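Structure provided below as structure tokens; questions to follow.
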Amino acid sequence: MLKYIARRLLMLIPVLLGVILLVFSLMYITPGDPVDSLLGDNATPEAREALREELGLNGGYFERFFNYVVRLLRGDMGICYSTRQNVATRIAQTFPNTVKLASFAVAFAVVFGLTFGIVSAIRQYSIIDNIVMSISMIGISMPSFWCGLLLMLLFCVKLKWLPASGFDSFSCVILPGIALGVNSAASIARMTRSGMLEVIRQDYISTARAKGLSEFKVVTVHALKNALIPVITTIGMQFGLLLGGAVLIESIFAIPGVGKMMVDAIKSRNYPVVQGGVLVIALSFCLVNLVVDILYAYVDPRVRSQYK
Amino acid sequence: MANEKLLEIKNLTVHYQSYDATVHAVENLNLSLGNGETLGLVGETGAGKTTTVKSIMRILPTPPARVVSGEIFFDGQDLLKVSEKEMRKIRGKEIAMIFQDPMTSLNPVMTVADQIAEVIRLHDGGSRAEAHKKACDMLELVGIRPERGSDYPHQFSGGMKQRVVIAMALACNPRFLIADEPTTALDVTIQAQVLELMKKLKAQYQTAMVMITHDLGIVAEICDYVAIMYAGEVVEYGTREHIFNSTAHPYTKGLFACIPDIFTEQNELVPINGLTPDPTDLPQGCRFNPRCPYATERCRQEHPENVEIEPGHFVACHLINGGGNENA
Amino acid sequence: MSAISTKPNVPKKHSKLQETWRRFSKNGRAVVGLCIVIMLVLCAVLAPIISPYEPNAQDPRNRLQGPSADHWFGTDELGRDILSRIIYGARISMSVGLIAICISLIGGVTLGAIAGYYGGTIDNIIMRCMDVLLSIPTILLNISIVAALGSGLQNVMIAIGVSSIPGYCRIVRASILSLRDQDFVEASRAAGANDFFLITRHILPNCLAPLIVQATLKIGAAILSCASMSFLGLGIVPPTAEWGSMLSTGRDFLRDAPHVCIFPGLAIMAAVFSMNLVGDGLRDALDPKLKD
Amino acid sequence: MKKYLAMLLACAMIFAFAAGCAQQNPANSDEPTATNAPTDVEATPVQNTELVTDGNETVSDKDTINIAVDREPATLNPGGVSSNVNEIIMRNVLDTLLKFDENAIPQANLATEWEAIDDLTWQFKLRDDVNFTNGEHFTAKDVVYSINRLANTTTGASALTYIDLSGVEAVDDYTVNIKTTKPYAFLEAQLCQAVMCIVNEKAITEMGEDAHGRAPVGTGPYMVADWTAGESITLERNENYWGEPAKLKTVVLKIMTEGTSRTINLETGDIDLNCRLQTTDIDRVEESSDMYVLAGAQNTLRYICFNTSVEPLNNVNVRKALYHATDTELIRETIYGVKSSEKANGPIPPSFQGKNHDLPEYEYDPAKAKEMLAAEGYENGFEVSFIYLANTTNNMFAEMLQSMWAEVGVTLVLQPTESGTLSTMLNAGDYEVGTAATDMKLCDAGEGLYAFFHSSSRGSSQDRTWLNDADVDAILDKIVTTLDAEERNKLVSEAEAMIHDLCPMIYICHPWRVYGARSDVRGLKVLPYDMEYYSKLYFVNED
């Protein structure tokens, strides 16, 4: 198993390098110059030149890319143009918020997704199954930002139960988490349902029934364990998608997360923050996928024996 | 009490209600079985064999399947009237079942010992360790090294998996075992080992058994009584000797004609022409008449009754009841 | 267990279409989806005729009015009629959806075909590039591309098109790998067919079904990405009526005039919803075993 | 059949929910529109910069106030990237030598008296009883260090354009000389700027720039106790403050970028003071009994600027025609709100000295505009691009302008741009029509006009019109060098008239700063420049 993990980690390197190259080039060809947005008021040309030098904006593409990568290897992601803090601390401040938001959303999605999926699989072709499937279809197509706005309208503006912005207390995470989690809950529900339907038809389920197990036990112990295996991969993928979706939800609920920081950084041409942010997000995305694959092997004995 | 029937099925009728048609899977079937006896249930696919045994265990998939009428007395108790909770106590304890395809009848994500221990703990109680130990004993009984108990199903061959299924079925030494074509999915050599094992265990535990098969060789080797099913009905019932030596019903004869006989020089087997009837609209009168070489007008009109042509040997065919069996 | 037919189902085009339509029309949900899609396309095409007002006609005096008799969906922050803007918005969304899909189909299929067919280092390089694209969340990728190329309709289309190339590339590569060493491919290669002919004539038709399904589902996703980008203020340049930007401007008036936000959101959802329904319907109709 | 039923049921639920929200809304709020029914536009809006009370209130012992600000400062070091929130906090934590009073006249602060000993050098006498929060004693050395330090900060260097660093020296512990490169009438105003706050060398060297930026050591009434990124900044009272001690012990500045949530938190009482009440919520706050609104003019001006160096905008008649084609009052009323802005005519805010109050008005008259354009040979109009910072208000602003100018045949191509690119294009003059809201920081009309319209300031971030007119330059040069205020003001109003005739800009309005406050908050006074004295705030008991 360790050999497999090592190999997967090694394969990460080229991908991350590719990510850095792609984002660096995109930022390089972006018009507009961050110095201007910084030196707003009547900056003299020399001050402008001095700042360009300090931020390392002179020099050709390869030169800048080369010393960016060299500094990166030493763990220095460069400094954020506006606050002059180094990017690592900026990300360290904001990344936990996005992770908190994404994990709440995943938890919400898994809990609701699984329950709805299982219920509609057991009660197939009943009215409940149809309603759940229609709602999950709507859930998938509902834009997360619009859903966020509706929730904010209902719970913050009209009913004033939950705070509309900020991120200090737990109650601030609920609404954005749900808004972010709706899409994933819907797709997990559909995935669980088709997984369960697939499993319930298997012979070992009738064996289990023939053993005299109660319907509840048959479903929870035997059917669910087998149906969950494909669902784990979707949960892993959902976590990755959530990192992307968080960008929108954070800008609605004004959550100081990586997504919002990235959008502002792209707008104000804050290159190091963009590059650092995308790198961290891509890295966590790949790590989550790796964890999911390992989990997959752990849960499914057939796969585990291949890796032993 | 000795010849008191352990199992008695009285004109059982089961239909499958699909979207636009009803499938008459089983039509008022009558069967009975004594303690320790083995009944062979023979018939082509779609004759309703699996539906019958599943209705005994009451694990028919309820939305489409429906038991229209009939009673199933087991040990004097009508299983169809019993509450679900009560039924669960019987399943696995009193009646056990072995399924056809060993490849898929074991849960792939649970160790073999756990799956056996599960049924033991369910019915005989005891701690987890005791159940586990008993499960290993069962594995040893069926010829599998106990330490392999912690392996997963995918690490066993087809034959070994069937042994595990048998071990699981007999874990709570049930009084009645249903085997739904246990060896069809196995190749011949493994088949012989598994049958040998079942015969040994049957003798050791005095378990009554219903063996579903379409392989007459197995019937000859292991069954005391034989019931020939066709299109949801028992057309001929009798002891092994009756069926093999004094075959009466044309369909049974047709079945035997399909097997190459080692002693006679035959260059061509005589197949029964045609296919089993469409269960949604069964033919009038005797169900076999479209394919029966001796079908008369009466066969096409009137449904034949079950007649005891000799003690313990019943046949449902006008030919036999009406005229003599000159062209048997 | 039905024997897996080695004979490829290279069908007569005609009957396959009919058969697909027969199975598709039996599926109730898919038909509902198709009706909504047709309605949206009609909206887009006949916008000038059916929209009650000029989309950019401003009337600041009575702005932010709730839904009323003469303005069914009410008016927005500059007094423009929301219903007409949604109808015109359909044009943007539909065209973005379709053209972005074409870009990603062309890109994805060619890359997938090359990677799948030739394998070896090319395959490795292409797949690593796809991994790179896939490991960056699509929304961030789209934003960076638009920031680099500048906002505006056709840059948005390019961004969405490029960022969904990996999806198609993987499907085509997977089906090519499975078909490449099938007998009929060997046979036609033996008959002297060159690679291009082989790929276009034999291999691609066989992975048509998953591609069509993925395309319909992805149109919905493209509409959603376009809306999200203009929601962040990076997509379509005002004053063109686009659902995402309407939703974003409506945000400031959420309290007093929620209808400014609600109706564009509903329009986005309806479009994506119907596309998903059609996609699901097609998947069941085209190839039942594709049901994930 | 069941499938259809379930589908329709689900859709119906969603529509019902959506319609419910839309319907329910008009019912409960009495007027459907955000800003109330359009009052007759001409009525001059009434400014209420301070709450007048009947005086017999008892001071409550509540000692913490929650204030909502609309953005998070990047750093609190003088010379860092600045926004108005930065400057407000800096002025409450650090001190400058001089300080503006209510009508923007520099008054004593850390410096007690000062005088120009010759036309290039000023001498300041400093207070001798001031200490920094880290215990260091405040001396002239700190003044010299603070000014020299600005030379190598991101935005500080530009504040030293007129200061000759070699001439900044400490005569003794409590007197300091500051020399200017040429006679400069606005040094006093410059020393009131937040960038000129006095910091302590020992503190900065020990803590390092970054750490100091997040918890500056100063001499002000408050000091930064805690700063949680993205959430809040907490200020504690500086117990040994040299001046009148602050009334409240703790001030919590909560960062809320969304206008709607600032108002909601004000209503629920989570915050006591909302420093940026959005225009759409003014009526709601005014009507409720437990909140009140304060609004006052600022030194900011919202305008549309022509790049006078570009075809066809270099033709003054074309510019005048476009001014006539713009209904500035409708824009002001729709976007900036009648109750939170004031009509503008001319670049100088009305409260400033030297403002010329009888400038001719370019009234809204599309027919006249069309005529003038035809006279200039543009009868079928022309196309011109409009560049602005991309946000929802500006989008609305741009779309209104576009439809107004379309009526006179001028096609306006909208170019919403990000802050990064916008400054580059504006500074490089690579635009035709633009919009911005710059403010006259030094609160002195003369300096403002110089920075806006003098040909030498082209390319700077203040000059948006690229005006290049000899006699305008001449009068502006004279203004900057005349030290006598009286004469300077006369020149200023004369210059404003001359510039107004060249019509380089369309003046939309002077946006006001609008505050929403809980009914028990007292001591808030709206000042014409970005300055809030938290030390004066206190609570009263409500009977």
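When the chains are written out, they are named A, B, C and D in that same order, and each has its own residue count from 1.
We adopt the following convention: a residue touches a chain if its C-beta (ideal position, glycine included) is under 8 Å from a C-beta of that chain, and two chains touch if they have at least 3 such contacts.
If you're wondering where the values come from, they're calculated on a predicted model, not measured in any experiment.
Chains making contact with subunit A as well as with subunit D: C. The most central chain, judged by the distance from its Cα centroid to the centroid of all protein Cα atoms shown, is A.
Looking at which of A-B and C-D shares more C-beta pairs in contact, the answer is the pair C-D.
Farthest from subunit B, judged by the mean position of CA atoms in each chain, is D.
Chain centres here are Cα means. That of subunit A falls 54 Å from that of subunit B. Spacing of subunit B relative to subunit D, judged by their CA centroids, is 90 angstrom. With centres set at the average Cα position, the gap from subunit C to subunit D is 45 Å.
Contact of a single residue of subunit C with at least two other chains is seen at positions 29, 147, 233, 251, 254-255, 258, 262, 269. Residues of subunit D found to touch two or more other chains are 3, 7, 14, 18, 21, 260, 418. Counting partner chains per residue, subunit A shows two or more touched chains at residues 31, 125, 134, 138, 150, 153, 157, 266-267. All chain pairs in contact, by the document's touch criterion: A-B, A-C, A-D, C-D.
Considering their complex, residues 14-16, 18-19, 22-23, 26-27, 29-31, 134, 137-138, 140-143, 145-146, 149-150, 152-153, 157, 191, 194, 240-241, 243-245, 247-248, 251-252, 259, 262-263, 266-267, 274, 278, 281-282, 285-286 of subunit A touch subunit C. Chain contact summary for the complex, subunit C toward subunit D: residues 28-29, 32, 56-58, 60-67, 74, 77-78, 147, 151, 233, 237-239, 245, 248-249, 251-259, 262-263, 266, 269. By the touch criterion stated above, subunit D contacts subunit C in their complex at residues 3-4, 7, 14-15, 18-19, 21-23, 25-26, 29, 32-34, 38, 259-260, 263, 278, 280-281, 284, 330, 333-334, 390-392, 395-396, 398-400, 402-403, 414-416, 418.
Against subunit B, the residues of subunit A that register as touching in their complex are 125, 202-204, 206-214, 222, 225-226, 229, 299-302, 305. Residues 57, 59, 63, 88-93, 96-97, 99-101, 104-110, 118-119, 122-123, 152, 154-155, 165, 168 of subunit B touch subunit A in their complex.
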